[in-house]
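Here the chain labels run A, B and C in written order, and each chain numbers its own residues starting at 1.
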Amino acid sequence: MLVGGALAVSAAGIGTALVPGSARSAKQQFAGATRRVTIYAEALPGNLVGYGLAPGQATVPGPTLEMYEGDTLEVTLVNTTTQRLSIHPHGVDYSTDSDGSPLHNSFNNPGETRTYVWRSHEMTAAAGRRFMPGSAGYWHYHDHAMGTDHGTGGVARGLYGALTVRRRGDILPDKQFTVVFNDMQINNKVAPDTPMFEANLGQRVEWTAIGHGSLFHTFHLHAHRWADNRTGMLEGPSDPSLVIDNKDLNPGSSFGFQVLAGEGVGPGAWMYHCHVQSHSDTGMAGLFLVRNADGSMPAGAQEAIDRFHGHVHNPAAHVHGG
Amino acid sequence: MLVGGALAVSAAGIGTALVPGSARSAKQQFAGATRRVTIYAEALPGNLVGYGLAPGQATVPGPTLEMYEGDTLEVTLVNTTTQRLSIHPHGVDYSTDSDGSPLHNSFNNPGETRTYVWRSHEMTAAAGRRFMPGSAGYWHYHDHAMGTDHGTGGVARGLYGALTVRRRGDILPDKQFTVVFNDMQINNKVAPDTPMFEANLGQRVEWTAIGHGSLFHTFHLHAHRWADNRTGMLEGPSDPSLVIDNKDLNPGSSFGFQVLAGEGVGPGAWMYHCHVQSHSDTGMAGLFLVRNADGSMPAGAQEAIDRFHGHVHNPAAHVHGG
Amino acid sequence: MLVGGALAVSAAGIGTALVPGSARSAKQQFAGATRRVTIYAEALPGNLVGYGLAPGQATVPGPTLEMYEGDTLEVTLVNTTTQRLSIHPHGVDYSTDSDGSPLHNSFNNPGETRTYVWRSHEMTAAAGRRFMPGSAGYWHYHDHAMGTDHGTGGVARGLYGALTVRRRGDILPDKQFTVVFNDMQINNKVAPDTPMFEANLGQRVEWTAIGHGSLFHTFHLHAHRWADNRTGMLEGPSDPSLVIDNKDLNPGSSFGFQVLAGEGVGPGAWMYHCHVQSHSDTGMAGLFLVRNADGSMPAGAQEAIDRFHGHVHNPAAHVHGG
């Protein structure tokens, strides 16, 4: 989001409060603006590699980048690692030299700094009362050069993040979470070390789910549901969209939606997990902690969290039931 | 559906005629009603476990449960087995103590009886002329506690069923079928023992398809198609929905649609199957028998059924063709 | 499309210019027409089998067949091979004897000629202001009899193609491409021998993507995006459809969309590939060459093409980066 005119980002996987008032009122003036951001690709402990907005601040996933349709984002990528890498966006517009692929020699060699330009546009009228789609969507970015010409090594080690392109007038969230199903891990972590996302009862929470790697997955969130469309909300009573709480999340795909934390179900430590049984059993699960409206811990939540940390994430250990 | 004021259910996998007249006229008065149902979890032959509405009546899948948006369903689960198990719903509203998961100590120990409360709601207005989705959908319920903390053992053995939440005004079907792709089986059966669903030409048939297990699948129905949206029908000429006859059916996902049996194609023994070639070849296929309008057997159908039962469901056996 | 009143087809995988003027003006008069086409199934080098519109002209994929809702297509299939085979369509209407399956003895024995009749229809009004869907869609056809009762052998060897059913008023493309993800290959080819699709900047290009085999895939196109609905375009500002550039493409599924070649990104040799990392790394990738508006080669494109042909499609070879 925009805070003080600078490109604001949320440390993905943590969720940061936006500045609703200013952001909501300010968004028009930035339409069509060009913004610049410098991203540092850095090696991290545990053989990970991350993107960060300042030296020493790399995270997995990387920062959530946001634009409004019509905006341009100039991403200056600094490669502090010893391998070639790049940044390839989904959904937005870019020339071949910003493709982020070895096919176009569009990558950073070790130590190299390179700028990638991402543009976006609104829908445009076509014939037959139809419109060519604009850039709005819950997209993502990732390496396309480390390890293989498709960035398999970089993606496996954590070089990915969320890219959100909004339409003017879109409802802004209070918090944002990014969940990446990457082979058998979530944000390159396994339960019980997977992220615990937190919000207060009733807060508008925006989830961006991204798939990576070489396995198939399904994302399931307990006690919440969303429309399987661009916003996760219905445009009206005649919006035909499916309403779902479980969706395929396969390599290269992403989707996003907003929910009101605990709407109709109350606070608690709700699970999110891959619904592929052999995946959830071995650690592809995490918690969405919905606190009371005043931010206090709801009854029973700490016990559930402790239980989650105590679970053996191995089906064999439970084969005889509780 | 509601028959005589009691919660009516259709023995899933068989399809039972509803009482269109009474159900259609009666549905309003039940809006926002609270209903109670007792479900018995029982061990079945062949190492299966099923849910049933009375002792000795467990089936795989379990009974199809139905609500209108706004209704509450109080499910009293009786565990007659020797393992812990639960019932976890998709799509509807529930508190953590009705989550059906070990995370919240929400399960039945062997011999234990426990009540789970499922609520539902209509869409609610949000900002920007948008609406937060209601509960309507072709959902499902399943065990979340047997074998592992995600119910992998219970789901594998048959503890699952369909849960349909309707909007007031939705068109009611004449028959309902539930198809569960669960690892390499359909409703825990392999061809030629997979269910043969039956309807008369022109009857409005509602399919609910559910995915479970740890493998990916695609559901294909011959000679019929549906809109890939909430109802399977188009809201009008400008409804942009894809029209499909093949859809991903992966673990934890479900969808439903209505077709007019044999519309535009006539009666016959139509195939439904997983379109993953190695899955259909090894038995993930069944029949949708569309009888003549008067219920009589159409020409050639019995021969097709006999052929289906005679097929060797093993690719090797056919490698040289017919 | 219709050219000179005869059923026109595009050699799939190549893309042929239509005759926009005549086709656009002529389409009405053919509504509800019955057309006939003869297709020859022939063995091809490399253990392939293809469908073609004349002896010696079989291709993989086969020819793209097109109808308008209401049309009937009578497909006379000539089996010139030594194995039984058939042609089974998705999406359209057919009687059991045109099902193309051994279940209904609907196949061609070696040397046999057989006619299959495919019908189609427009949406029809149902109750509740809803409509039962019509036949319009980006469908496909494939063998359902060679090797196994599900045609696993025929599909694996190339017996498949695109079937497009349009609504009157649909925007016609300038070029058409068919991309089939079939196990670890694209149109039964592996990079760098996968098809290079070509268009000039700004041309309206229609993609039909089809999934086959026994593996899961995701189709990704660089620098272009489409609405995840029937046409790939938005019906208007309130069309809730997701806009995507990556979509699951699993066995038996198909989808289509139109893009303006290079819209907002310019000309160049853009990649399309399976986004499953282990699949793209081993050759499930190809090029979409967007030439300059005058058809000339854009700067850098030939170098990219040469680079593509030089790439070793083997992750091990790139494990140390560029």
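Here is the rule we go by: contacts are C-beta pairs under 8 Å (C-beta built on N, C-alpha and C of every residue); 3 or more make two chains touch, one makes a residue touch a chain.
A quick map from chain label to UniProt name: A, B, C = Copper oxidase.
Values in this document were obtained by computation on a predicted structure and should not be read as measured data.
For the copy pair chain A (Copper oxidase) and chain B (Copper oxidase), the superposing rotation over Cα atoms measures out at 120 degrees to the nearest 5. Two copies of one sequence, chain A (Copper oxidase) and chain C (Copper oxidase), touch each other mainly through non-matching residues, since under half of the numbers at the interface are common to both. Rounded to whole angstrom units, the spacing between the C-alpha centres of chain A (Copper oxidase) and chain C (Copper oxidase) is 32.
Counting only residues that touch two or more partner chains, chain C (Copper oxidase) has 216, 227, 231, 234-236, 239, 241, 248. Only residues 83-85, 90-91, 93-97, 99, 101-105, 107, 109, 119, 121, 123, 126-137, 139, 145-150, 152-153, 155-156, 211-214, 216, 227-231, 234-236, 239, 241, 248, 250-255 of chain C (Copper oxidase) touch chain B (Copper oxidase) when the two sit together in their complex. For chain C (Copper oxidase) in complex with chain A (Copper oxidase), the touching residues are 169-171, 216, 218, 220, 222-223, 225-227, 231-248, 259-260, 263-266, 268-271, 273, 275-281, 285, 300, 304, 307-308, 311, 315, 318-322.
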